[in-house]
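Note sheet for the following structure.
Note that the chains are named A, B, C, D and E in the order they appear, and that numbering of residues resets to 1 at the start of each chain.
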Amino acid sequence: MTFRWAMLAPVLTITGVAVGFPLGYALYLSLTDYRLTSRGAPDFVGLDNYFFVLTDPRMWNAFSNTAIYVIVAVALQTVLGLAIALALQKQKWARDLTRAMLLAPMFITPIAVGLTFRFLLNDQLGAIPAALRTIGISYDFFGPSNALVTLAFIDVWQWTPFMVLLLLAGLESIPRQPLEAARVDGASAWYTFRRVVLPLLTPVLTVAILLRSLDALKVFEYVYATTRGGPGTATETIQYFTYQTGIQFFRLGEASAVAFVLLAIVMTLIVILFRRLQRSAAR
Amino acid sequence: MAEVRFNKVRKEYGSTVIVDDVDIVFPDGSLTVLVGPSGCGKSTSLRMLAGLEEISGGEILIGGRVVNGLEPKDRDVAMVFQNYALYPHLSVLENIAFPLRATKSRRADALRRAQEVADSLGLGALTSRKPKDLSGGQQQRVAIGRAIIRQPAVFLFDEPLSNLDAKLRVETRFELMQIQRRLGITAVYVTHDQEEAMTMSDRMVVMRDGRVAQTGRPDEIYARPNSVFVATFVGSPKMNIVRGAISDGAFISPTGSRLAVAQAPARDAVVLGVRPDDLLLTANSGGTARVALIELLGPRAIVHLDAGEDRLTSVVEADRLSELTVGTSVALAVRPGALHLFDPQTEHRLPEV
Amino acid sequence: MTRTVNPWSVARALLLWVAALTVTLPLLWVALASVKSPAQLNDPGLVLFVPNLDNWARVFEAGILEAAGRSAMVAAVTVAISVVAGSMGAYAISAYKAGGAATRFGILAAQVLPPAVLVFPFLTMAYALRLDSTYIPVIFAHLSFVLPVITWFLIGFFDAVPRSLEEQARVDGFSRFAAFRLVVLPQVLPGIGAAAIFGFTLSWNDMFYGLILAPTQETILPVAIAAFNTFRGVELGAMSAAIIIAVVPVVIASFFIQRRLVQGISGGAVKF
Amino acid sequence: GGTDAPASSGLGDIPTDTEGTVRILMESVPDTDIVIDLVASFNETYPGIEVEIETLAFDQMRDKLIASFQSSEPAYDLIVVDNPWMDDFVDAGFLEPLDARIDSTTDYQAEDFFQPLVDITEVDGVRYGVPFYNYALGYLYRTDLYEEAGLELPSTLDELVANVQQLTTSDRTGIAMQPQRGYKIFEEWANWLFAAGGSIYDEEGNPTLDTPEAAAALDAYIEAFTTAAPANSSNWAFDEAFRSVSSGQSASMISYNWNLPGLNNPEGASGDLAGSFALAPMPGGKQVLGSWSWAIPANSAASDAAWAFVAWITSPAVDVERVVAGGAAIRESTLSNPTVLESGYGEDYYAAIIAILSDAAPLSQGLGGEEMIQAVGTELSEAVAGTKTVEQALADAQAAVERIQR
Amino acid sequence: MAEVRFNKVRKEYGSTVIVDDVDIVFPDGSLTVLVGPSGCGKSTSLRMLAGLEEISGGEILIGGRVVNGLEPKDRDVAMVFQNYALYPHLSVLENIAFPLRATKSRRADALRRAQEVADSLGLGALTSRKPKDLSGGQQQRVAIGRAIIRQPAVFLFDEPLSNLDAKLRVETRFELMQIQRRLGITAVYVTHDQEEAMTMSDRMVVMRDGRVAQTGRPDEIYARPNSVFVATFVGSPKMNIVRGAISDGAFISPTGSRLAVAQAPARDAVVLGVRPDDLLLTANSGGTARVALIELLGPRAIVHLDAGEDRLTSVVEADRLSELTVGTSVALAVRPGALHLFDPQTEHRLPEV
């Protein structure tokens, strides 16, 4: 139908240019030895970059750091977001104010959030360790075993509001009747939540988790503002790794290969997820 | 199995009173229908009984126990919602089993009982389907299954049939009555469809604007509605209501239409009600009414009449349509003994004479 | 009627208080930092002091308002284009199943690509088309992530509009496009508002593309904020003032729009 | 590309009636502000040359600079180059050789620049830049605390460790360190390496990180970090360390020489402590050198005008003005200039700087400087975090540098 | 004002045939009702006529012109959807005026015309309200106003009344008929409610599974349904259908129930149909049927009977209920001349004898 394509044309054109072109270009670069400091046409090296990065333990370390980060951050956001959304849904008093306030963190540029927490969590200069010390706790927020989790917490601080926003919307779109039916059927609040609310929220939850995970995968600013990937390589994430390889070390061909490895992994996960969703929707 | 009682029950939202000092007794084992126009407070009353709405005043008793403060789960009631409120993510069997599982029965036991209930409702073959793959009537039976599995003290039904098409509605209505009678559980049934109310109920409570307008057996209410409101609300096609005066065995409206009313005492100002089935027509060129439109309903037809400025309807046997066509002048009479008279001010029924 | 204190509602209130404090305390700390002198900044426990507005003066002098203006302009243009193209595309995908179900997830996938890699193609394009002294390259780069997200958001909203409205308009004598514009579009306005605001924050918060692609000398807000993170230390006071400038207008706006935002989204954006 | 860039005259003395616009990308630091303030006086000599300075924070500036090299059109006519980039930029042909200009500029006195700074501008014997300012490091300490504890300045690494341990009390630590992974830890630790008698490269330019001196330096570094540095500070960089010292929570730090005026400024972060800070060379006398150099991009659209500005601002006379205003030293003569000694930050300070700059070496040599610094900095951080042994970390650092050099 | 014709119209979705070689003529100015069970293809047929669905085969003609390829806007039709599809963002007046915007009328003219239409529909006072602030019946009239303002060649109605409650449905049905007759515009009306079809239509087209089952005047179809399907579909309560044999003036089913059928010729295997109004009951202790349940409908009652394994219904006057109670044994007879006989194989009507 021509109307359909005419309506789709602007998006297709713009994404074709704004996404398709850079994507294709980056794909091409990933097959060359392109360096930012080389000015001529780069040499075609086939899959060499891919072989190189796939055998580079630093990349896999960055992948696993990123995976841990995403899982910890998104899991916490989901649980907290759900709890807060549930609480907000029932709240009557000062509703707009509370909600507006709770949404504030997502409107701050992430680099600023990272810097703010770098100081808030500073053991000698920051308010939070100072407060913890008054109750006798000393915690090394950026120590080797804690730093990655600390970064995930910063992500939780900034992006739980987004979860709250989506889940609140999801909760408010759950039909009231099954919930009332469950009450009359004698179910406790917990049982109702587990067996009725949660399953009905699943589609929204899936979408929210997907959106957040895709975004959390891009973690760069917090690392950059606080640990620069350290101690050691404990907080080196895939985006930080790509940034260093591509821009700081000028090896854009290699960095592009990393990007496409990441894309392939994420696409695979999305396709699996999408299949499962389709199957569960069909059931 | 319990008697249910409303004692001066009130419900307010903010400053608006939705249900106002309602007193009703629902005898043990009876099927009582709450009926009334849209927005009159039927659902609200039912939901207060279920525990889904707080009660603003008065008391509700189930089996002699005041339940005002109790959670729904502590009231031992089961409810069928207007739109069934099935759990969309659960299968038919799991839907039916839900109340048992919620009250901590063992899973296997609950599913076995649910299978029995499903079989008894003719859902045996559909137990693994999801609600969206069922027709309206089947969904309705699942909702009933879920209500009966727990053998509660009271059944609550909120317009359970209104989403079904006409044919299915008649069939399901019949099944529902059979189940209620078999189990003997007190049932409260809400509908705005007076036909449903008439055909189903042991007792009928007609509500209007948050108050009880009339309570009684359906045939009693049909025969002796206590107000113009009840008179027009109950019965279909609805009762003809005209204002005028009676003298010399005839009712005359200000606009000149005339109805023969044998044996009625003379009155200056009165509201007269006559059911379409009781409005008798005779083709008569001197008649004060004219046939405006005829709707054929198979064996009978509804004849719409222009009588002065009043629009009246009469139900006639289809075989009389040869003498009655659009435009025919007719004389009107009220079937003897079928006259309803109301006070023109209060619109209350006048004492019979 | 006596009501016992419900432990759930106590837990709920507690949770909300903790959440509210968790969100506001860091922001309050930032606000406090913005009126501290360099020496006072070294004392995190300092709450009572004579505030001074030096930091504020500094950020205003440094042109933070101009930077915010440029950011707002870039975000507004990005969002405007995204909304127009996105709503048309989302409608085609929703109503005519254009592209199939895979598109719905597919458009999101490119989101994970590192800006560090994508920025050079954009730059090459900007130079090739001689657009490097305009905001067009930044806007294009922002479109690469804002447009898919907005389109994706809107698909759900269009799913929630009954097809019969559009069909009605067509039998009322309108072309398909007129039906879309006059009848369908007005139904999704809340959704468009929500998506626009979300898209706005995405563009508003981006630093990297803005840094590389925006015209020389004309920094956008996140770059201006990040510029307080120098090799010789973080200018905490000035940065705090800049953060407040970036955040307060948006939070005030969200006070007014969040209700519509939630309603808009519950209209279907999160269904698929 | 360089093809359509306007031909450079290669001249040293640029006529004062030269017209043109010089676009410069610089890091936003106080030294840049001083340059900006001097532009007006430059225009008294060269009224036809407009100087446009864009300033950005370090990392932003680096990204933007590299991006600008991708342009076929000249984006900047004059830039400042940090030492690790010099070889890469030259190798890529981004920079114009300046020998001819330097040598033909009247009264320029190029030999007066501190030699280590000049070395950085030289690649394969050709000069591609002239010094802008140095950021050699030194030992910054509290004189009052040293006196109170009756301590002498350390002359060996062991004394340094012992001193900072002794300066550590319940509410203060002896030294604020900067073990943040990457650049920071390497920049700091290299001073310890020099103090231990080690070096980063041998005579041939091969890395020498896997040596007993390096191990001793790293052991000492870790010991000081665990016993005399603030708790939980493993991500600290310059900012945290500086705040710790300026607020009196630490007694000393190893940092850029030009921090001293800032620490002693009563308007600054030190408040009441201003005046109690002093600067000394590292024990053993050798320290890490950093330097920014002026350089003209090969595709500069106004290379003559750019050189006019560079030659003017680095000329002996203007350099005096710049240093008096607080700029970091590049010329020996400036530091003995009477005006500087009178109206500057004190003779001791300048003496210390002369000492520091006379024996200082940069972190990297040759291509891949940035990557080399990051790689070594990562291994050092592993050792401090305890995720690698000292030996292992140094061996890995050595291997990494060898790999990068290839 | 135009005749509408379906010539061998087909509709396929993929490989499933939804509408199969349908031939219908809708005479100019007539009101024709398409009726049939849910899913039989009524809406699809209507939507093909409107231009909202592509036609897979055959031709549709409006006023003699083949419209197959035309966009809806070029067909000069107006349609009222089941859910009204009012534009929620426009006021009542703007909703009604909306179609005139497409014809590039001046805004002021359009609004004046819309006001006239609104007045004529009794919506005059509501013109500035938004649709959500209207009751169902009012919304329905707005939808009609929007359809009539353009004076199209053809009106299309897709179950326009099914969202209304029973009472309103009857009233609105009546108004709709009046408007259509007044304007004389050809109207095609889709419903699954056979009562609606019976009362409204000039011509009735009964559909089943995408095909036309029977076409004719409603009274003809009611009186002589041409198949068991049409017989049970048309008429309420639905026609009793039993299988058995006829001999000696009586019909006997295999399970033993017996109906007196005067003057019917003997037959071995036959399907017998009798409308509940034509099934006569006599309380008789030797009767083969038993009263199972009685539903009172005011002047009449529906009596449900167990007759062998068949469940039959009969409509009786309410005053006979004194002799008939649940459990009473009754003898059954078919009212003379009211017998329907069908072929047991084809289920087609048997030729009258």
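Some notes on this structure:
Quick note on the criterion: a residue touches a chain if its C-beta (ideal position, glycine included) is under 8 Å from a C-beta of that chain, and two chains touch if they have at least 3 such contacts.
Note that the structure is predicted; figures quoted are calculated from it, not measured.
Separation of subunit B from subunit D in touch steps, taking the shortest path, is 2.
Among the inter-chain contacts, the highest number of C-beta pairs connects A-C. Each chain's centre was taken as the mean of its CA atoms, and the one lying most distant from subunit B is D. Between the Cα centres of subunit A and subunit E there is a gap of 57 Å. Subunit A and subunit D have Cα centroids lying 37 Å from one another. Centres computed as Cα averages put subunit D at a distance of 91 Å from subunit E. Contacts with at least two other chains are made by residues 42, 120, 124, 226, 228-229, 234 of subunit C.
In subunit A, the residues that reach two or more other chains under the touch definition are 36, 118, 125, 247. Here subunit D touches subunit A in the complex through residues 1-2, 59, 62-63, 66, 69-70, 88-89, 91-94, 179-184, 230-235, 237, 240, 243-244, 247, 249, 368, 370-371, 374, 378, 381-382, 384-388, going by the rule given at the top. Only residues 175, 177-178, 180-188, 191-192, 195-196, 199-200, 202, 283 of subunit A touch subunit B when the two sit together in their complex. Subunit A meets subunit D in the complex at residues 36-39, 118, 122-125, 129, 138-144, 147, 224, 226-234, 244, 247-250. Remark: subunit E residues 38, 165-167, 170, 174, 177-178, 192-193, 195, 198-200, 218-219, 222, 235-238, 275, 277-278, 293, 295-299, 302, 304, 315 touch subunit B in the complex.
The touching residues of subunit C, when paired with subunit E in their complex, are 162, 164-165, 167-175, 178, 182-183, 186-187.
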